[in-house]
Amino acid sequence: MSYARQLLDSYPRTFNRDAGVLASTIDALNECFQACTADADDDLGEQNLPEMVKCIRLCLDCADVCAATISVTSRQTEYDPTVTRPLLVACVATCKSCGDECERHAAMHEHCRVCEEACRRCEQACRELLAAMK
Amino acid sequence: MSYARQLLDSYPRTFNRDAGVLASTIDALNECFQACTADADDDLGEQNLPEMVKCIRLCLDCADVCAATISVTSRQTEYDPTVTRPLLVACVATCKSCGDECERHAAMHEHCRVCEEACRRCEQACRELLAAMK
Amino acid sequence: MSYARQLLDSYPRTFNRDAGVLASTIDALNECFQACTADADDDLGEQNLPEMVKCIRLCLDCADVCAATISVTSRQTEYDPTVTRPLLVACVATCKSCGDECERHAAMHEHCRVCEEACRRCEQACRELLAAMK
Amino acid sequence: MSYARQLLDSYPRTFNRDAGVLASTIDALNECFQACTADADDDLGEQNLPEMVKCIRLCLDCADVCAATISVTSRQTEYDPTVTRPLLVACVATCKSCGDECERHAAMHEHCRVCEEACRRCEQACRELLAAMK
């Protein structure tokens, strides 16, 4: 069981959201943060560096947005959906842009294929959390 | 002149946005990040701590969202409005929630009054950048 | 296999460190970042809030230091040990302080017990990476 | 007066460090965070991109370490020098490495000259805060 789930299960107050969906989203965000940080660096080490500039930029953006979203979704106390919802919307958009760019390089660079997978999973997880917030 | 403006003025590629509006927004985001980080800590040191819990939580959220928005708006290379726009929308919403909560404590705690001011300015700056992006 | 390991295995340049040790450390840092962010929030929701102030503060510090250390250790290109080494030293010290404080509350709060575990593992992983850096 | 100083001046508890030195350091850290984030992006937009790889990497590292150091030094409640001190040491080392690399490109790229200046000031400010902590 991930730390995200263990911490949610020991949260001291009443908790009226689905801990399974929330923990899965936090895990997917963590994996995407990690993958994008590493992929930006992998791109920096490539021979065809000038073609990787857009990928580097979007991976850095995606890592930054995922990091903020991890922190905000990990907080349950005084939960404020007017903060969480637009941030999840921004995270979905960023994962989509980054995943699309990684896909363009996936056949040539295995690290971009792996990063695309992490972005797609994270995008999907954030969409599910948004749907569950209704 | 702030570092944000100096760095924008020395950006090597063609740059078709308003450097003044952009630099002002980055400066306001930096000040809000700084104010929210410090205000969350000031709240933690207060006698009426149980009443400050919501303020702490929203200040932490606002610091995290501002930090991500600083990084994304500081990047001009391969600029992608589908990433920047929803993040600015999320930042406006977060600064609004945090500013509203700080306002509730502003008469009692000077640090909340200062933080409210930083949140309001940042909210306004992000709105102006969004308007300029059209 | 974690994303950290997959990305290291597809790194395009020659790589003269132990990918297993490095990937384990990045994974432990991610778990500690996640646990500390959530534990600070769990503490904020507790009845005995005034006694949890030091734990909140150290969990926030530990999350911030782990996040920076994840990013720096995830970068292999133009690796600079004069940057990585002192940051790992700082991360060891922060995980130690945070783990010690969480331990004080572990019998009363399950979330502090879980967070202590994440801090201890991360401290140990950073020590092992430092040792492997010779 | 910067927000860092205003927030320190309204801190609710007794405060036995020099608020002027501390606020100056937080301001210098903020400027360095901002400059390094922008300079990494400026480098990405340069014609001689392959020669800028080390500078990009160190600017990203320096931005990450400065961001963590801003947050930790902004917290006064339950201040723990065993956390703050090694992080400042790491920040000094990172600013030094990044400043040295920026200096190599300063004659060719104005943005690297500006970023070098921000790194040198931040390194100096962190050294002064360390000296004041004795």
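When the chains are written out, they are named A, B, C and D in that same order, and each has its own residue count from 1.
Definition applied: contacts are C-beta pairs under 8 Å (C-beta built on N, C-alpha and C of every residue); 3 or more make two chains touch, one makes a residue touch a chain.
Everything quoted here is computed from the prediction, not taken from an experiment.
Novice: Going by the touch criterion at the top, tell me which pair is linked by more C-beta contacts: A-B or A-C.
Specialist: It is A-C, judged by the count of C-beta pairs in contact.
Novice: If you list every residue number at the chain B and chain C contact, are more than half found on both copies (same) or fewer than half (different)?
Specialist: Result for this pair: same.
Novice: Could you work out which chain's C-alpha centre is the most distant one from the centre of chain A?
Specialist: Farthest from chain A by mean C-alpha position: D.
Novice: Taking each chain's centre as the mean position of its Cα atoms, how many Å separate chain B from chain C?
Specialist: One centre to the other, that is 27 Å.
Novice: Averaging over Cα atoms per chain, report the distance between chain A and chain C in Å.
Specialist: Those two chain centres are 19 Å apart.
Novice: Give the residues of chain B that touch two or more other chains, as numbers and ranges in rising order.
Specialist: Touching at least two other chains: 41, 44-45, 53, 57, 60, 67, 71, 75, 77-78.
Novice: Which residues, counting only chain B, touch chain C once they are in their complex?
Specialist: Within the complex, chain B touches chain C at residues 40-41, 44-45, 49-50, 53, 56-57, 60.
Novice: What does chain A use to touch chain B in their complex?
Specialist: The contact residues of chain A facing chain B are 53-54, 57-58, 60-61, 64-65, 67-68, 71-72, 75, 77-78, 80, 82-83, 86-87, 89-90, 93-94, 96-97.
Novice: Taking the complex as given, what residues does chain D use to touch chain B?
Specialist: Per the touch definition, chain D meets chain B at residues 2-4, 6-8, 10-13, 26, 30-31, 33-35, 37-39, 41-42, 44-47, 63, 67, 70-71, 74-78, 109-111, 114-115, 118.
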